[in-house]
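Heads up, the next two complexes both have subunit A, just with different partners, subunit B and then subunit C.
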Partner chain A sequence: MTAMQDMMKDPHVNLVLSLADDLLMLGHVQGDWTGLGPILEEDIASSSMSQDDLSHALMLYEHLGSRFGLDPDVVAYERGIGDYRCCDLVTVPDEFDWAVAFVRRWMLAHWATPLLDHLIRTGEDDLQERCRRLRAEQALHLMYLDDWMRRLGTGAVEARDRMQAAIERISPLAGMLVETPDGVATSEFDALRSDWIAGMEEVAAAAGLSLDIELPSPDTLGGRRGVHAEHFIQQHTEMNEVRCADPGASW
Partner chain B sequence: MVNGDDILASIHETLASIPDPELPCSIVDLGLVEAVTMDDPGRVEITLLPTFTGCPALDMIADDVTRKVGELDSIESCHVTWIFDPPWTTDRITERGRDSLKSHGVTVSRCGGAPSSRTVTLQTSAIPCPWCGSDRTRLESPFGPTRCRSIHYCDACQNTFEDMKRLDGLGKTSTPDPG
Partner chain C sequence: MSKIRQRDFTFADELPPRTDGGTRSYVVYTARKDGAPHRYAGYLNAPDIALATEYACEHYGQDEACTGIWVHLADDLTETPCAEESIDPGTGCDGEDSDSDSEWVVFTQKRRGDIHIETGTVRAPDSAAALSRAVSRHGAGTVQVRVVPMERIESTEPGQLIWRTHDQSYRLARGYSKSVRAKWAAVRKNEDIEEYRKDDIENHF
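Our next item is the complex of A and B:
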């Protein structure tokens, strides 16, 4: 069995990969906004968060790579489509609607927090150390995103309406984030899901926005088991274009 | 025969001369150097702490250290490792580092906000302005020109300045208990 096959059989790996792959794909997808953010500070913030997300994914790939004797870039890029554990919410096209992109990132940052806490409690030493660092940096994203959520929700009518519309667009898909990865006990996940929803509800209430999260509905699921939508495959292909054209390229 | 202590002293001197690529401050004054060890004569291991994991300057810093320390007499090899525990914090910045940063409009605030279990609290007001000294300042954005800096605005002199970002929740004991 190859090291990669060995890795993919470990249930805990599925859990780590679910977060790593979400961050990798979101960092890539949100990169589209660099230079296009609504104001300069927001553009810088969005690009900085994408840069963080990619480096946080790398931290997790490095951990898995060292456990299974694989190069972290190989873990990141050289798996088959069916071995990616991200949820497809991260690659749903935002159609350059800033509010949609924002709400998606907000939901993911709220999910990353309880999941990282879980990995800190249950992971081995190296993973704990890395996740502690990631949690502190992701908490900064959360502070920033929560703050904007409150400001936009309680700001001008148009801002409030656009945020509410974005929440309504993303909410039916949000359950994808909390699909239980293969081999992970459902009971472990229930508490994390409640934490995730409670965290978002608190902010939405302060922002005067209504949030109705539906838990996973079967027709939106599959990402955490490696069954992906067409838009994931497109983004994955785009992300790998240079790597495929010139394997081993560096600059 | 060169004394091991002399070699370590010259390594430290070399490290103190390496500037951070994005700040007016050496990597020693910034508090990036965690340990320098030489178990075998001539073979040096240097452990560094990244400010933020996404800092794009990390490779450049590691290359500078490997090259400059490697060029010293009596050094056969120099190997750099980045570690995350202990975490880098702004407390590691030396007085000299603080002075140099301040003269370039970058403050290092000492008191963070109260740690919250879910988010971090950045100090949002009352960082004295490095230009005019006023306390009438506020946070403009937690994301600045580099990963480790936030942007602030002084209402008194109407200038912007930057602060070295401080993160809470990095210690082993600060993880919330389950449930």
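Our next item is the complex of A and C:
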């Protein structure tokens, strides 16, 4: 059995990969906004956070790589499609609507917080240490995104309407985030889901926006269990283009 | 830009142009470590000073390791014209600081093209008096003196995380210089590239 197969059979890996793959794909997808943000400074801030997301994914891949004797780049890029554990919300096309891209990132940042807290409580030493650092830095993203959510929700009518429309578009898909990965007890996830929803509801209420999250039934199979939509496969193919063309390439 | 997006999607409607003046210009200074003087980092535009400070953290706060950021409206600074040679401190007029006066932060520029660095504070009743006292006390050996009311400066919290704790060398262009140069050198040795260049020159000239 290869080291990669060993890794994918470990149930705890699914949870770490779910966050790492979310951050990898989010950093990749949000990178498309570089140069296109609504104003220059927002563009820079968004790009900076995307770089953070990629770095945070790398920190988690490094952890898995050290555990299973794999290069972190191999963990990140050389798995089959069915071995990625990100939710497909990350790659749902935002059609260059800033509000949609923003709401998606906001929901992901709210999910990363309880998940990182969980990994800090339950992970081994190396993972705990890495997640503590990620937690502090993801908290910066969350503070920034929450602040904008309140500003836009309580700002001009058009801003509020756009944010509400984006929430209504993304909310039906948001349950993908909290699909329970294989090998993780559903009861463990219930508390995390509650924290996630409560955190978002508090901010949405302060912003005067309504939020209605639909949770998936336990039978729904999605990205957390390796079942991915076409848009994920397209993004994954594009992300891996250079890797496939020149497998040993380094910057 | 993602080829997938170019192929499949169009832009959402653009926001209409703002009619209320939109953003204002802010000046940003960063401190490299706790207790170090704040150094000019650059300008940015933002709707208000709170957001300007957040933008400054994500922008100038990621240019180099930093532990503190100051932000103020560009309109809030008063400064001397930039001198050809050093300022004569005798052109300023010192006076006794009074606790009832406002506190002003003094920034000085050592040479033309240098950045402005926090140098000290003075107390004065208005910007003209503050600048005059700053010139008198801190102007020697500088080409420009700037004063900003302390109460108009927004500061990050002590101990606030700004510079990330993970390896950020990838953000710094200098981190890539050697390897990128090596790559370019390798590419330029490639015969196909040389042939292409010859054809390219022939076609264009």
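In this section, the second predicted complex is superposed on the first by the 246 of 251 C-alpha atoms of A that agree within 3 Å, B and C clash if a C-alpha of one lies under 4 Å from a C-alpha of the other, contacts with A are read in each partner's own complex, and residues count from 1 in each chain.
Keep in mind that, in the parts below, contacts are C-beta pairs under 8 Å (C-beta built on N, C-alpha and C of every residue); 3 or more make two chains touch, one makes a residue touch a chain.
These figures come from a predicted structure and were not determined experimentally.
On the superposed subunit A, the positions of subunit B and subunit C overlap enough to count as a clash. Judged by the touch definition given at the top, the superposed model places A:Pro38 against subunit C, while subunit B stays out of reach.
Within the superposed three-chain model, A:Asp97 lies in touch with subunit C and out of touch with subunit B [touch as defined at top].
Within the superposed three-chain model, A:Gly199 lies in touch with subunit B and out of touch with subunit C [touch as defined at top].
Of the two partner chains placed by superposition, only subunit B is touched by A:Leu142; subunit C is not.
In the superposition on chain A, contact of A:Arg224 is made with neither subunit B nor subunit C. Look at A:Gln235: by the touch rule set out above, it reaches subunit C but stays clear of subunit B. By the touch criterion stated above, A:Met49 is placed in contact with subunit B and with subunit C alike. Among the listed stretches 63-71, 81-89 or 189-197 of subunit C, only 63-71 clashes with subunit B once the two complexes are superposed.
Common to the subunit B and subunit C contact sets on subunit A are residues 41, 44-45, 48-49, 51-52, 55-56, 58-59, 133, 136-137, 140, 144.
Against subunit A, the residues of subunit B that register as touching in their complex are 52-54, 56, 84-85, 87, 118-122, 140-145, 147, 151, 165, 167-170, 172, 175-176, 178-179.
Taken together, the subunit A residues at the contact with subunit B in this complex read 41, 44-45, 48-49, 51-52, 54-56, 58-59, 113, 117, 120-121, 129-130, 132-137, 139-140, 142-144, 146, 191, 199. Residues 1-5, 8-12, 15-16, 23, 44-46, 50-51, 54-55, 57-59, 62, 161, 164-168, 170-171, 176, 179-180 of subunit C are the ones touching subunit A in the complex.
Residues 29, 32, 35-36, 38-42, 44-45, 48-49, 51-52, 55-56, 58-59, 93, 95-98, 100, 133, 136-137, 140, 144, 147, 151, 158, 234-235, 238, 250-251 of subunit A are the ones that touch subunit C when the two sit in their complex.
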